[in-house]
Amino acid sequence: MTAAQPLLALQDVSLAFRTGGGLVRRSRRLTVLDGVNLEVGAGEALGLVGESGCGKSSLAKTVLNLNRPTAGNVRYRGRDLASCTPADWRRLRRQVQYIFQDPLASLDPRMRVLDQVIEVLAVHDIGPPAERRDRALAELAAVGLDPDLAANYPHALSGGQRQRAVIARALALDPKLLICDEPVSALDVSIQAQVVNLLAELRRARGLALLFISHDLSLVRHLCERVAIMYMGRIVEQGRVEQILDRPLHPYTRALVAAIPRAEPRRGEPPEVIEGETPSLLDPPAGCRFHPRCPRAIERCAAEAPLLTAQPDGRLAACHRL
Amino acid sequence: MTADFSQPLTPAVARRRSPRRLRLALGLTPSAIACLSWLTVVLGVALLAHWLAPYDYEAIDLRARLQPPVWMEGGTWQHWLGTDDLGRDVYSRLLHSVRMSLLVAVLGTIIGAVLGTTLGFLAAHFRGWIEDLVVMAIDFQAALPFMILALAVIAFFDNSLVLFIAIMGIYGWERYARITRGMTLSALGQGYALSLQVLGVPPLRIYLRHILPNIASVLIVNLTLTFPAVILMETSLSFLGLGIQPPQTSLGNMVGFGRDYLMTAWWIAVLPSAVIFLTTLALCLLGDWLRDRLDPMLDRSPSP
Amino acid sequence: MPVRAIVQKLIRAALTVLLLLTTVFVVLRLSGDPAVYVLGIDADPDALEAYRKQHRLDRPIHEQYLRFLEDATEGHFGQSFMEGRDALEAVMDRLPRTLLLMSVTLGVTLLIGIPAGIFSALRRGSWMDKGIMAVTVASFCLPSFVLGIFLILLLSVTWRILPTAGYQTWQHMVLPVITMATADAAIFARFTRSAMLEVLGQPYMRTARAKGLPWARAVIRHALPNAAIPTVTIGGFAVGSLIAGAVVTESVFAWPGVGRLLVTSVQNRDLPVVQVIIVLVAISMVTTNLLVDLTYGWLDPRIRGLMGRRAEAKP
C-alpha cells in the first residue's frame, strides 16, 4: 500500500446499455463510459467537466453502485466496489455521499428539513437518540441554516437554502468523499457563488474530498485543485486546474476555455468555435470521438482512438496532435 | 385554503386553529354536510341493523303477504314499509341489506386497495419480470369489462360469499396498482427516493415512510372513486341473482326479487333502489368535494 | 404510420386473445371435471367415461390444450345443455338482437352525450353547464337497473305508454335504450367537456381570435378536431360499457339477447355457452382497442410523426 493511495480510483471503467428492442426492433448498444481512469485523493477536490450527455452523471452513479460497470473496476480505499456486500455498502454510505442537481427533488416534500436530517442519523444509528436533534441542528447551522429555517418544509425554502439543507443532510454522516453532480446548476448565479464558497469552507474544515461535476469551468477553477475534461464517455484531458485552464492542450478543452465569458474580452482573437453538435451516443464516431468537430483533425484521428498519455508538464491528454 | 406551513408551529399559530376556523378551513359546503349526514345514517344502520330491526329478515309470514307501506291503503304500522311476496318485513330486510352491501363494499375496497398498492410497489421496486407480470395482469383486466369477468368467475367456481368478496377486491386493484407503480417509478427516478437510497435508508422504510405518504392523496382520491363503483357492481350482480345469495339479503337482491312485482307491489323494489341511489350519489358528491379539498389541480373527468 | 408499428400492435392483440383462451382452458380444468358438469353429478359412470373419451379428456394436458385451441378457432365450444344444441349457435341466434340494442344505444349516446359536453364547455359556468354537470353526476351514480326499474314504474305501470318487456316493436326498445344510454352519455358528456375545455384554453385558440377569426369558425375548425382526438380514446371503454350494460339491461327488460343468455347460463352453469360469450367479448374488446389505437395514432399528427422517428432516438 503506497503512501498516497487514492481515496477513489476508477480503472478502465466502461459502461454500456442496451436500448430499445422489442418484438420487431433490434436493440442498440449505448456506450456511456469508455475506458475511464480517474483518481481522487484524500482531501483533494477533482473537477469533472463536460457537456450535457457526456456521461458525467452516469459516472457518478456508477461510483454509487447505481450502475454496474460493464468493464473495469471502481475502488474505494483499495477495495473493489463490485465485491462489496450490502452490509459493506451500509458502511460505505457513511464514507461516500452524493449531492444531486435538483435540491427540491432530493428532499421529501412532506417532511420538515430538520426531520430529514434527523432521520439520516437515526437510520445509521449515529449517536444516542436524545442527542440527534441537536446534532442535526448543528449540521444545519454549519451550512448557514438556523433553527427557524430548519423547521420548514422544503417548498418554503429558497433554492439556495434547499441545496444547503441537502448538503447538511449528506454531511451529517461525516463522509470522506462528497460527489457533487451539478449542485449549483439549478440555482441563480449569485447564489451559486455562495454555495460553492460553502463547499470550499466545509472542505477545509473537515478535510473532505470532492468530486465536483459541472459544465461550468469558472466554478471548477474556484473550487478544485485538479480537473478532468470529459467528452462522449472518455476523458480527453486531466491535470492541475491552472495548467488545464490557463494553457489548454486538447482542442476540445481549448474551445471550452475560450467559451468562458470574460469581463474584458480579448480583442482581435476570434474564439475557437466548435462546429456542429455532439453526435448521438448510439452511433459514435470511429477513432477519436471528437474528430468530426475538431479543427485540427488529421487522418489518423478517424482511424485510431488516442490514448490518455502523460505530457511533459505532468498532465494527461488524449490527442494525436500533441 | 391550505395551512400556512412557512411558519413554525409555535403556540401562537396553534391557537389560531380553533374549531370554527377549522370547519371554514375544511370548506364544508351545505351539500357536503348533507352527503355526510346521509352516509352517517347509512353507516349507523349498517352497524346497528341487528338491534334496529323489529323482525328477523328471514321471517316468513304468509298471512301478511304483499302489504303496502303504512301511508298507503291497507298498510299497517306493524310493517311500516310493507312486506314482500313471502310476508317478510321490508324495513327489517332493508336494514340488513344495507349492512350486507356495505360490508361487502368495504371489504372489497380494502382488499383491492391493499392488493393493488402492494403490487404496484413490488412492480416498481423489482422491475424485471415481476413488473412485466403485474403490467400484463393490469392490461388483461382492463381488456375485459369487469362484469363479464366476474360472471365468468362465478360460472366456473360457483358462488360463495368469500369468493364474491374476493371478486369485489379484484375489481379495483388494477387502478391502485397502476397509480402506485407510476408514481413510485417517478419518485424512484430522480427524486427523494434515490437520495434516500444513497443515504443508506433501507428500501422498506423508503416505501412506507416516504413514498406512501406522498402518494396517499392520489390513492385516497382513487378510493373515493372505487368505493361507490364497488357498491354499484355488487348491487348489479346481486340484482341478477349472481351476487349475494339468499338467505342472505342485499340491496341488489331485494330489487331483483321485487322486479317481478312492480305492477302489484312496487315498494319491494323501489325502496332499496332509492337507498342505493342516494348512497352512491352521496358518495360520488362527497368524493368530488374531497378531491377539491385535497388537490384542486387534479383532473376530474371520470376515467374508464 | 409505419408498418412495423401496426404489425406490432396486431401481434399484441393476437397474443391477448391467445392468453385469454389459455386462461379459459386452465380455469375450466381447474374447476373440476367437465364431464360431470355437462352430464351432471348423478350420471351413469359409463356415460361419463364415454364423454371423457369423446372429448379426449384422458389425453395428456398439452394435447387437450391444442385440441381446445383448434376447436376454438373452428367455433366448437361444446353443447349448451340448457338448449341441447351447439353453444355457438345458441349465442349467434341471439346476437343480432343484442347488436341492435347496442348500436341504437351507441347512436343515442353519441348524439346526446357529445353535443351536451361541447355545449357545456362553450357555456362554461352558466346555469346550463352546471345543470348538465349535475345531471351527469347523478346518471353516473345511478345503477342502470335502478334507472330501468324507475322507468318501467313510471312509463309502463303508471302512465302505460310503453310496454314492460318483450322485443317485438320499436316501442319495446325505447326504455332499454334510455336505460343503457344514460350512464354512457353522462360519461361522454363529461369527457368531451373536459377535452373541449382543455383545447379552448390553449394559446392557439386565442391566436385564432386575434387573427380575426369569428368564434364559431374558430371552434369548428380548431377546437373540435383537436378535442376529438382524446375522445376517441374512450371508444374502447364505451364498447365495454355497452357490453356490460347489455347484460344488466336485457335482464331488467327481459330482452332475449346475448346478455340475458349469459346471465341464465351462469345461473345454470352452462359452461360451453359462457365460454363462447367470453371469447366473443374478448375478441370484440381487443379489436376495438386496436382500432382505437390505430385511429388515435392516425388522427394525432404528433404521434404520426413520432412513430416514424422513434428509431433514431437522440440520447
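By written order: A, B and C. Residues from 1 in each chain.
The criterion applied here is as follows: a residue touches a chain if its C-beta (ideal position, glycine included) is under 8 Å from a C-beta of that chain, and two chains touch if they have at least 3 such contacts.
Only a predicted model underlies this, so the values are computations on that prediction, with no experimental measurement involved.
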Can you name the chain whose C-alpha mean lies closest to the mean of all the C-alpha atoms? B
I want to compare two interfaces, A-B and B-C. Which one has more contacting C-beta pairs? B-C
Of the other chains, whose C-alpha centre is the longest way from the centre of chain B? A
Starting from the mean Cα coordinates of chain A and chain C, work out the distance between those two points in Å. 54
Per the C-alpha centroid definition, the whole-Å distance linking chain A and chain B comes out as 50
Cα centroid separation, chain B vs chain C, in Å, comes to 24
Residue numbers on chain B that touch chain A, as the complex places them: 5-6, 8-9, 190-192, 194-196, 198-202, 205, 210, 213-214
Quick check on the complex: what are the chain A residues that touch chain B? 64, 66, 89-90, 93-94, 97-98, 100, 102, 105-111, 119-120, 123-124, 148, 151-153, 155-156, 166, 169-170, 173
Complex contact set, residues of chain B against chain C: 139-140, 143-148, 151-152, 154-158, 228, 232, 235-236, 239-242, 252, 255, 259, 262-263, 266, 269-270, 273, 276-277, 280-281, 283-285, 288, 299-302, 304
For chain C, which residues are in contact with chain B within the complex? 16, 19-20, 24, 27-28, 30-31, 137-138, 140-146, 149-150, 152-153, 157, 164, 187, 190-191, 193-195, 234, 236-237, 240-241, 243-244, 247-248, 251-252, 262-263, 265-267, 269, 271, 274, 277-278, 281-282, 285-286, 289
